[in-house]
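A, B, C and D are the chain letters, set down in written order, and residue numbers restart from 1 in every chain.
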């Protein structure tokens, strides 16, 4: 890292947000096992440092697009926890009223333009949001999170080209978690993803995605440059997902696509635990304080999940409101 | 150029083919002015060295996809002249029976998988043809011609990635003629197009597209490598179109997108004339011989155009044959 | 009343709406030079910030429209030929048509995708589709098909002010047609048909480019003593069923003319509505005059045979 | 007769055809691991040359299928969820559906695009579309919708042998269903409907996933004294009009059940045919039981309200 580490308060905030995401998703994992989730869920567990390190530089006016694995981005960008649970549970109180579910959590008031069920689907949306930000002249930026698998979608190169030509305030953040569904990254992506920016004249960074400070640092440079009118950046954050591609995948996959040893080995570099250890080692956080935070988060998550789980189901009558009608326009 | 220039016979063949394309298209240009062409035509005049230099390495078994500006590729790959005229004239004897027209000339028996009205549309088709060639194990190759404008289509990066992963026998040949319709290349493509191959581990070459020998040389390396199982190459050939994007464009454009001086200046580097001059300078061709070839071509073109122009129009009844029907399959 | 070509009516509509609301922006390939002339002069007038020539990247462009709209702009996204909607179809079908509903209505997406649709100019299969059936089936987009300079202007202005995505499909074969266009504000409400001719013997519904030949066919039919209503739905989704059924109640006979391929066409949808809600009104089979189910051919005699004309309509 | 799940019937069909013709190849995202199980074991059996996992690049994949087919292979191109057809729509709509015709019939394109379509699994709007209306309107592709293990196997085998492009839309909600599948060669000709039930009082046409609830509804109707024909078109383009009209001639009543959104659905096309060619046969309004014109919702009570079920069919 070239510049100074962030101050204590910020580091503690990063930790809190990472731990929140972890605990919220562990709740969803157990909800899934208990058969409480109506649809598929893709968990972010193991990748928390990326969303948190990037989003620490964003405020509500900034814009972000996410992926099918979107709870982490949503929470890192300030999305409401209970409304997220309610959405994944399919309740009327969900952040999308139960219309979207896990793959579509969105909160436009907070600049969260949505998780996206289309791999690569958020990239062009973020470029469009960056265009809006540029036109607004309020120094806003847009960030697109996407996976290594999504890097194979042509829309990435289209967005790189346009962002370079227009010098859009756009940060393209590729989370390389080693797999595209059940394919190892090398089987579906040639070369190094972050190298694909240079031909367009776009700066790129490749960072340790399990280290929130490394991500924070790289994202800070990229977002700062974007705010100053310096144009787009491609960040590739190397990370790993601890859970399956989708919860319950072992039920339908016949052969393992990765070994238990590999997962165990990578779990030793758990971003939440490593960062926790570092906070204690650097004296920024004490065991007591961290435990207090974790208890608070446990309570927060349990309360949000419990109340969301008691919320009412949406009533079909509300579907009427989504039907396009005559005369709306003029 | 690193290796020796091709032998006399080959150079004369290159010249003949370039001059054929030029003369055929000049015929179409005058046909257009005379109101004889039912649909739009995009002429290749000024770019002949590219198609001819590349296709000199291909035989009928090799596969090629082309663009909306496709007459040159079609003729360079051995397509029948008269059937092309008949097609552009909309006649029943056309290479596509009058169904396709200028933007769709194709001859599958000669590996010409078609001109294409979708910018970038031929790129994935060529990758698929290269897959077929690879599976066949008969050392065939596939070539995709596309423009600088088409390089902005995401499908190019998708094809680069897949071609690299699968080591397809594919040559991606970008003809950078300085314009994408009415936009200068730099306005719609960031950086240098040939640089976009390296991140995928694909070799690239940037060549003088108005010099058939330079193109021949670079294409020979690429196609040879592909035949030997060495995988794909991206070639960027710098060239210029002398005519408008589409014939008759001045009728609908209000402002000029390039100056007459620019066109005049570039016409001084006319690939056909430059190569002609070189053949004489190097003593490979005499003025007499070249004039004889040109007269032959004039006759060939005039005869083809005249007979095609007298050919019958297709009759609507034949449309029936294209309707999908029950039971065709089993 | 001043006469205008359709292309100028569209140009006026864009300029007026960009003057009216500075959050209206225009993006697309060569919108500066303007292939059809409809965006001519707009970049010079409003500058390169609000009017952007894009690279040939339909997948990105259609999605950029969604992102910029979600972030507060009104985006006119020019797609040139309607076949290129397919090239950028993901962001249209999976994003623009769905995002508002998937989000529980918490966002509005004011986007107009403009495209020039249909055949008649020997541009062959990849430049001649009328893709409105695919768009109408998405359920999340208004689909608009003008038929004259005045309807083009009124519909486009309404489309630009609409808070939901609209696909505006201008018939490519009708850009040069002249018609009366009054000065000043013209707004044609989305989702409302126009009855262009009141007959009473037959309901002739015609879409987009088919309105003119339908009106001509109506004249021919009059010679035979059949006086037709001619209805232009203007908006194809959502359809103005009421106007059609109301006419059908008087005529009992329905012919629909649509330059889309027959299967799953707008004509079929209207016929299906008639066969259900209008069943009691029908006194004769519902005829569809449409394009046979195949790609459009290049050669003029072939293309002419595929696309409905007044004679085919009159004999339906 | 041995019982099989649909997913295994599809698996068998692919294996049998790949055994039969070494020019059949299979490409798609994770066809090796197989998300749905339909391609499981195929890579091990036929090797990584003929069975290729692709990157997530739908635009390229759909086009690669066209190129490889034009160069002599029979390509099975697995698109996973039907919504991803939109992502790769250019090569489907502008190339696969048009190339043969644009070339005057000088090429054949044996391609099967397999996709899993429809809702019922709370996967929300981007994983639940039934895009057959858009595909049916292209006119250059067979569109096939199986409804049972045996129809899936027979149709898929025919599709793989077909020299023209076919889109095979397996209902995603029906992959686990069991049914009788005889050993040995099963080929269901494309373009032919199956009559699954002979009643005589009512013609009930049901598509894909809707066949089962339609059969259930027919049982319910029998209690009310209405004995329905149930027809499964199997191929949506080109439609087997004859089978439907023949039944209609006996029943005079038509209800069509389609899990597509209503506007421009297959249901509407069938209704339109009935209102024209079958007009003289109709004794009652033609009812469509379809999905309302909006994206599919995630939450189970909402999704359930959108997708037709036996009760809604019986009351239509």
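By our rule, a contact is a pair of C-beta atoms (placed from the backbone, for glycine too) under 8 Å apart; a residue touches a chain by one contact, two chains touch by 3 or more.
This structure is a prediction, so every number in the text was calculated from the model and none was measured.
Between the contact lists of chain B and chain D, the overlap consists of A, C.
The greatest centre-to-centre distance from chain C, using averaged C-alpha positions, is reached by A. Looking at A-C and A-D, the interface holding more C-beta pairs in contact is that of A-C. Separating the centre of chain A from that of chain B, both taken as means of CA atoms, is a distance of 45 Å. Distance between chain centres (mean CA atoms), chain A to chain C: 39 Å. Centre to centre, using the average C-alpha position, chain C and chain D are separated by 29 Å. Centroids of chain A and chain D (each the mean of its C-alpha atoms) stand 35 Å apart. Across the assembly, chain B contributes residues 94, 96, 98-100, 104, 116-118, 121, 152-155, 158, 161, 165, 187-189, 322-324 that each touch 2 or more other chains. Among the residues of chain C, those touching two or more other chains are numbered 54-55, 57-60, 83, 87, 90, 94, 101-102, 124-126, 139-140, 237-238, 292-295, 297-298. Taken as a graph of touching chains, this assembly is complete, with every chain in contact with every other. Only residues 152-158, 160-161, 164-165, 187-192, 195-196, 198-202 of chain B touch chain A when the two sit together in their complex. Residues 38-40, 90-91, 94, 96, 98-101, 103-104, 116-121, 149-150, 152-154, 180-183, 187-189, 252-255, 257, 313-316, 318-319, 322-324 of chain A touch chain D in their complex.
Contacts from chain A toward chain C in the complex involve residues 63, 65, 94-100, 104, 106-109, 113-114, 116-118, 121, 123-133, 135-136, 142, 154-155, 158-159, 161-162, 165-166, 321-330. Listing the residues of chain D that touch chain B in their complex gives 25, 27, 49-50, 52, 54-55, 57, 59-73, 75, 90-91, 94-95, 99-107, 139-142, 157-159, 161-164, 166, 187-192, 235, 237-238, 240. Those residues of chain C whose C-beta lies close enough to touch chain B in the complex are 29-30, 32-37, 40-41, 53-60, 83-84, 87, 121-127, 292-295, 297-302, 304-306.
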